[in-house]
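The structure under discussion is supplied below as structure tokens; questions concerning it will follow.
Each chain gets a letter, A, B and C, in the order it is written, and its residues are counted from 1.
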Amino acid sequence: MSIITLTTDFGTKDHFIGAVKGAIYSQLPKAVVVDITHQITPFNIPETAYIIKNSYKSFPNGTTHIIGVDSELSETNKHIALELDNHYFVCPDNGLISMITKEIKPKRVVEINIHDRVESSFPVLDVFVQVACHISRGGKLAVIGKEVKTIKEITEVQPKISQDQNKITGAIIYIDNYGNVISNINKKLIQEIGKGRGFNITAGHYKFNTVFNKYNDIVADKKGDARQYDGSKLAIFNSAGNLEIAIYRSNLQTVGGASTLLGLEYRDNIIIEFK
Amino acid sequence: MSIITLTTDFGTKDHFIGAVKGAIYSQLPKAVVVDITHQITPFNIPETAYIIKNSYKSFPNGTTHIIGVDSELSETNKHIALELDNHYFVCPDNGLISMITKEIKPKRVVEINIHDRVESSFPVLDVFVQVACHISRGGKLAVIGKEVKTIKEITEVQPKISQDQNKITGAIIYIDNYGNVISNINKKLIQEIGKGRGFNITAGHYKFNTVFNKYNDIVADKKGDARQYDGSKLAIFNSAGNLEIAIYRSNLQTVGGASTLLGLEYRDNIIIEFK
Amino acid sequence: MSIITLTTDFGTKDHFIGAVKGAIYSQLPKAVVVDITHQITPFNIPETAYIIKNSYKSFPNGTTHIIGVDSELSETNKHIALELDNHYFVCPDNGLISMITKEIKPKRVVEINIHDRVESSFPVLDVFVQVACHISRGGKLAVIGKEVKTIKEITEVQPKISQDQNKITGAIIYIDNYGNVISNINKKLIQEIGKGRGFNITAGHYKFNTVFNKYNDIVADKKGDARQYDGSKLAIFNSAGNLEIAIYRSNLQTVGGASTLLGLEYRDNIIIEFK
């Protein structure tokens, strides 16, 4: 069995995803094709980086991940395939993998050079599927590309630390399905820089000095009615370990989520000041 | 082969669903994972109850259904696993299964007690997947929880019958993809209470005295142009057997559906008066 | 292995798709069920025709495609099953397959006559699944219907050519996930009618005289910063071969796509005048 995952900004209305899946099954009838998401904001690299980082590890070793976001080939946007952490990635070299490679060094990276149809406006179908199927069949990366030593990085996804180590300036990199806003600051960084110090978090006009580990931690009386907390704001380390500003049991259809209620938008700063 | 279905309010943009599927395939490489929906309105229990009731039966006996809606563990929101009607369900004990258990008694219910990571803010990934894979491998419920005799019920999804048996007061529990509004009153109940009597249906400002069995029944001249009926309102027993108020071939992008056109909203009353 | 694809206007929130998949797995435990899309605009035939035409070919020969758009049975909307180009299609006879049959003659078309539950308001579940599973098991079309010689066509999807062969009048048949607008004029038609002549394209208030083969062709300096072109309008032959008016790297969440920015809507004319 070979698992191939798909992460794209194609949406689910167009024929693109159907065409890609058909092409995979045509080459590998026994493949298991799994959608991670097709709802990436078009061309948004940090969003892609966050989603792929937090989903790939759940899959078995040997899984191949096709990532099709801003993937049209150009002189400045090459196609690459990587072996990293016992997983394979086929994607454009536009920084979307750099949130992972910052922490885990790839074992091998190749620049894909099998582009026989140069004019393709649909490289995920015409190139990535072929590369992914090659890998899934146990093929070597060297066959489909030439090894490269560096890949593009995005700086946007890294928080900044003040020289005196008293302040972390992060940013909102993702707004999730519940309207919760997620920063690029994770628990590990706070522990490394904070070394046990207390801190204040500033997000827009709001301040927090406690970070919960699960949403229900906001509920003081564990046997009481939790609904009185509906709509309360809180800071939490989410399941990915990132600092998140959330509204307890937010309802986007009625009152809204943290993003709309607190006026926090993609790329806004989240600041931690240690005491 | 083991089928595991997923019904959540996670949406399809975030990494959650990808992570859950990866975790299932890591444990059960030959599993067939099927999305029922991830578009439940966040934390909406009646919606979940309606959707799971009307989809689970189509699956083969032995299917395990993971339901992740308002599933964070707390003193007042335990996790349960059920065997019922030859299907298995892994879900929070918040009433979402009670639309089924009202009609079919579960063979066995256990309160899950394998929570080794108590602080999890992602119990579907950390707990439900493990339980579902255990069940899919043929494992016993007794291994992952202790038997309980009662589960939470939601009253919201039950229509009320007047003492003189002349009136059923139901409510809108679901608005579907076409904008049609679906009540908690089903054909069987109308037959039981009505005993063949005629009736009037009141939905907001509108009255109906006929309930169709399919949408095209509104078309009088079967060989004529059905398009003249586009936009007409009608009452129908939908494929789930529920009384539904619909707009014939509604187009949400242009004229709208029953919900917007007739001003009928979630939780509004639908009343049947027998003659 | 048998692949069955699904293309519907059911959306992904309701229980419909889950119920259909469950029914397929109940009949064919080893089936591979693939979603093409469930986001067709309700009852929109040209959209369906465009999507199915551009995805079916990627799948292996022998794949069965269930298409559930405006599929309720009536005197004027029969159910059919077709063998065509080594693929099978199960769908209503409402023109949605005619964009393919215009180019490739079906080998066999039958009008389905297994409707034992005549009153079904959910024929995709009650009828199409049964037919598709029959075909996937290698069953003959003759068993589930009687052969017919003609099927309904939609004229809407065909561009008009002026008598003097100097002008093609097409229309927008699809707006994709990026807001790009796609016409019913393809590259082949322009070559046949144009015979190498230059041309001007008019789309609303905008004119184009170049059609690119990929989006990046708009970038003049291949090694420079492509981002200066973000938001530029262009005409392109898309991966389906259709003439498309696009915005280079459009962002629907901020500036918008070709549809909103250029005021081009579904059914608007796209005109090509040859010199």
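Criterion: a residue touches a chain if its C-beta (ideal position, glycine included) is under 8 Å from a C-beta of that chain, and two chains touch if they have at least 3 such contacts.
Predicted, not measured: the structure shown is a model, and the values here were computed from it.
Asks: Classify the chain contact graph as line, ring, star, complete or other.
Replies: Topology of touching chains reads as complete, every chain touching all others.
Asks: What is the size of the turn, to the nearest 5°, that moves the C-alpha atoms of chain A onto the matching ones in chain B?
Replies: In degrees, rounded to 5: 120.
Asks: If you average the Cα atoms of chain B and of chain C to get two centres, how far apart are those centres in Å?
Replies: One centre to the other, that is 31 Å.
Asks: Going through chain C residue by residue, note those that touch at least 2 other chains and give them in order.
Replies: Residues 12.
Asks: Which bits of chain B are touching chain C when the two form their complex?
Replies: Chain B residues touching chain C: 1, 3, 5, 7, 12, 32, 34-40, 50-52, 54-60, 63, 176-178, 213-216, 219, 222-223, 225-226, 236-240, 249-253.
Asks: Can you list the chain C residues touching chain B in their complex?
Replies: 9-23, 25-26, 29-30, 33, 41-43, 70, 72-77, 119-122, 125
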